[in-house]
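Each of the next two complexes has chain A plus one other chain: chain B in the first, chain C in the second.
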Partner chain A sequence: MIDSLFDLVLCALIIFVAFAAVSGRDLFTAIVFFIVYGLMVAIAWLRLEAIDVALAEAAIGAGLTGVLLLGAYGRFKNIDAARMGSWVPLPVLIVIALAATGLSAAVGVVLIALDPNGLGLIPAVNANIAQSGVFNPVTAVLLNFRAYDTLLESIVLVVALVGVWTLADNSAWGQRVGKTQSVRANGVLQSFGRTLPPIGLMIGIYFVWAGSSQPGGAFQGGTILAAVGLLSAMAGLFPPPRVNDARLRLSVIAGPILFLAVAIAGTAWGGMFVLPADLAYGLILAIEIVLALSIAITLMLLVLGPPEMTETPQ
Partner chain B sequence: MITDALTIVLTGTGLIFFVAGTVGLLRFPDTHSRLHALTKADNLGLGLVIAGLMVQVPSPLDAGKLVLVWALAILAAGTTAQLVARSALKKGQSAPDDEGMQ
Partner chain C sequence: MPSSLALTAIIGAPLLGFFMTIVWSRAAAVVASLTSMVVLVAAVFLAVSVSAHGAVLTSLGGWDAPLGIELAADGLSVMFMIVSGAIVLVVGAYAQHEFVHPGTETRSGFAFWPLMLVLLAALNGIFVSRDFFNLYVCFELLTLSAVAMVTLNGKTESITAALRYLLFALLGSILYLLGAVLLYAQFGSLDMGVIGQSVSSSGAEILAAGLMTAGLALKTALFPFHGWLPPAHSGAPPPASAMLSSLVPKASYFITIRLWFDVMPELAGNPLTLALGGLGGAAILYGSLQAIVQTRLKMVVAYSTVAQLGYLFIVFPLAGGDSAAQPWSAGAWTGGMLHALSHALAKSAMFLCAGLFIISARTDDLEALRGIAQTMPMTAFAFTLAAISLLGLPPSGGFIAKYLMLTSAFASGGWIWAFLILAGGLLAALYLYRPVRIMLSLPKQPGQPFKPISRWWQVAPLVLALGAVFLGIGSNEPYALLQIGRPVAAETGL
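Take a look at the complex of A and B:
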């Protein structure tokens, strides 16, 4: 009774916050509501006992995307914020509204068509998890049964970074990524930047490691590690890397390349992405660890943005 | 039974602080007094909610994790409050002098 009451309130809040994010005239308000929306949806996933999805939604959907949007908003400062609301012409708005309604209706139809007592693919996953090399069914799906999707996701991140870097000014190319950080030596931000990383590193590495048997994995752990790196960079504890640093670029693509190499090696065992049961654990763990590092560095570079420094910092 | 009562009292009190902090955020006139309302009330509110939950968890390890959540929230809230406050000072949204602020 109380449980379903909680769920009803949560659903109402999600719809309200989603509506506020879309209808907000002010861009900043819309972003803030979008972040709150991500946190609410993460709680909803928790209620559905999908802890892996909840972690990903909270870390990436609310946290990282929120930071990216706020960063983009910071770059929009020169544009009249009030104009942003009426910027889209009415016919385009109507097309967008119709498309969104159609998409929502399609998702609704698919949802209603599902068998309410059906188990979906749970029996199939449970029957084959012994061969997957891991004990967490979500990781088994993401890195073995449906590794295809995860590989493409990791490549999308690299493509996104290429997109961000194309925004760099010619004169700034070769400089360190991001803006010059102005931090007071031993100020509040620096102290914070020194206090948090040990805890963040521990939690991030734990998430990557735990992924094989419990909720966690490369994306969730990688996002936490990215936050640690970002905080340290913003606190001025280490200079951000140069955009044309070969080691930096290698570390960005190492994860997807290892993943792809293992996928192609699978052809020797019967087809793309086929992992032999006895090697699967080691291979998945190796992919998870390298992928987590690549994801962490890529996400950090995405937030820091293209190189914008006019001069080399100290 | 006693633990349930304790949880209800503690989390209930915590929620009152959350409400007070939210009202302060909405009603106070400038950035610094809004921050004051937020950081004081939210930290205490979260602390009380956590204290209320701690009597329900099965092991000391889980209680430790809850305390860690509270400690990290306080640390982050305190830091961001300082940064927001200084940024507001620089923009001249209240108080005359930047010197001497830590």
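Take a look at the complex of A and C:
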């Protein structure tokens, strides 16, 4: 609902930041605006009282995607191609702008015509939440009513990781993932790398734990834990793992495997994905914890990138 | 109970295989073969069950739609699952020679197997899903695994092609997702059955269906959105191309068919069916002409996919819109589905043949393949059989499919569709005659430049090509099976 000046200003800002992100010629500025855009949208979700979505947008939409884009920018800079090489010709630009405007207008017209009191599946979720094992309706949908979707989503991340790894050089297979980090001893990065992880660790674990009754959950918590891991790795506190490390691979798929195992175990209780009401809380919590760890490691590996030959130290 | 178990096994088994091949890559090829066998057996079991008792339905987690997600298998899903399972099984056997390296693990030797299995899981997931959001998730799995497969050979141009493929497919995903969101906003449900019962031609429904169709058309490489397909499909390693070209665009086409024939047939008016049919016709002509001028075998085969996908969209004017209630509708619809299946078998066979030729001649330059039939008669035979099915010559599956579509076109008086079907067949004869003639002609100078290839390896494409032919000879069972669970009543046929 737009019911205050704050909301109006927020909407205007979102549009301005979105425009700035796509219209700038400078790649770095565009990325920064994109991150700001994600944060603004997260605030908008908060105003719509969709706290789970706001958390996910802030953590993944702004945070993780921002880091990935900055990482890509860093690689572009190394090969001296940071400038946007080809500028879209004006006629194409006009066609795209018209199409996007037309589509937005059509969606807007259609949305206004919809029943403003439509509740979707909220009544059905509330009627069945007592049997779901958890109290947060979002978690009930993600881990019980539509657990199949969430299982597939968690596998999407693993497929993305395999996809990123296929971009490695043949000769780099078996090496450590990512580029070698050079860190100045006791510099800013290393001090941050020592002080921030304990705090991040606590917040991440809290998010996973809180997910059963309050906003939070495996994906949001996992993203924060991934940030902790990344910061520690970038600070040189531990070397990045090797791409063919069996323990690493097991930790990437542990969450989805446990999820699938519980889903298959459901056949004993009446069908795939069935969680008996009295065991549901424990099973969901177990899935969330292991899944959060796997998501954290997978996201971290996605940011670190494919394995690369370790350069000879200068 | 057993059939609902089979319904979950066709997705669960390849997912388990996916995990196993990641941690246990030494045994990946064996795991992949066993998994695709399990999937094939489960799909055949489902086919028997569906033809005996009708469509199979199961609610995951015990939650019925609209709260939960339901999976359902009707005749159409079962046929697509059997053909996908068979193709993946054969491609997996073929790929043992290409992606199994003794000793230390290699990049492509690691990545191919999990990607292949998750691709199979995503395909099966799409063929049985009844939920529009779940389909979006399945498409994400399918797209990511397909795009990653294009990069497997590590060449710069393949990675460029993969990136372009990714951008097109993601644009398609976003359009599709926007449509699904609008449907949820309108109906408070994502379930096909629930939505299908209350379609009312509101603005939201029309916009949603239009967005989803545009998104799916992008993923199906319907002309003029085909630009990503030839470089991606010809740049991937041949076993990957075989799956990408034969199965992946069929998944998005499958959902387009579900959307317009099962969920909202009321909305499929003439403007839509004529537009889709027109683009399909343009695809036939453009793809065929491009295939004629290519100089590399894999590009000929890839552009042939652009053309053959065009036929699938002629189903819309022949079986949908005003034709939906006509007696020829069932024949046209079934012809389209049989075309999708026989093209899948023939096209995967062709790409595997091309792969063997490349290994033997070290290039897929058409001129360099002159006389290769003397070294590899079995593979040249397989290629020719596949070409016969693509041309639509009897007794192949392609013949039955085109015959059904053609008789429907004549019955409906749609001469333009009949012309396009016939013209496509003639053009296919032109672009396929050239490679076949080059293979069968005598080599220019004596002395074989070709590396001999093991007989066992050459069996794989032959099996698939024979499958395409037998789909025509034994077309009665597939025809009957495809009719099961069709909501449209027109089952009289011609």
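The rule is short, and it goes like this: the second predicted complex is superposed on the first by the 271 of 314 C-alpha atoms of A that agree within 3 Å, B and C clash if a C-alpha of one lies under 4 Å from a C-alpha of the other, contacts with A are read in each partner's own complex, and residues count from 1 in each chain.
Following the convention adopted for this analysis, contacts are C-beta pairs under 8 Å (C-beta built on N, C-alpha and C of every residue); 3 or more make two chains touch, one makes a residue touch a chain.
Remember, predicted model here, so these are calculated numbers, not experimental data.
Counting residues of chain A touched by each partner, chain B versus chain C, the larger count belongs to C. Contacts of A:V22 after superposition: neither chain B nor chain C is touched. In the superposition on chain A, A:V92 makes contact with neither chain B nor chain C. After overlaying the two complexes on the shared chain, residue contacts for A:F192 are found with chain B alone; chain C is out of touch. When the two complexes are overlaid on their common chain A, residue A:V109 makes contact with chain C while staying clear of chain B.
Contact with neither chain B nor chain C is seen for A:A100 once the two complexes are overlaid on the shared chain.
Once chain A of one complex is fitted onto chain A of the other, the partner contacts of A:V159 are limited to chain C, with no touch recorded for chain B. In the superposition on chain A, contact of A:C11 is made with neither chain B nor chain C. Residue contacts after overlaying the shared chain place A:L279 against neither chain B nor chain C.
Only residues 68, 72, 75-76, 79, 82-83, 102 of chain B touch chain A when the two sit together in their complex. Listed in rising order, the residues of chain A touching chain B in the complex are 187-189, 191-192, 195-196, 199. Those residues of chain C that touch chain A in the shared complex are 4-5, 8, 12, 15-16, 18-19, 22-23, 58-63, 66-69, 104-108, 110-111, 114-115, 118, 125, 133-134, 137-138, 140-141, 144-145, 147-148, 151-152, 154, 159, 178, 182, 184-186, 188-189, 202-204, 207. Residue ranges on chain A touching chain C, taken from their complex, read 106-107, 109-111, 113-114, 118-121, 124-125, 128, 144-149, 152-153, 155-156, 158-160, 162-163, 165-170, 173-174, 244, 246, 249-250, 252-253, 256-257, 260, 263-264, 266-267, 270-275.
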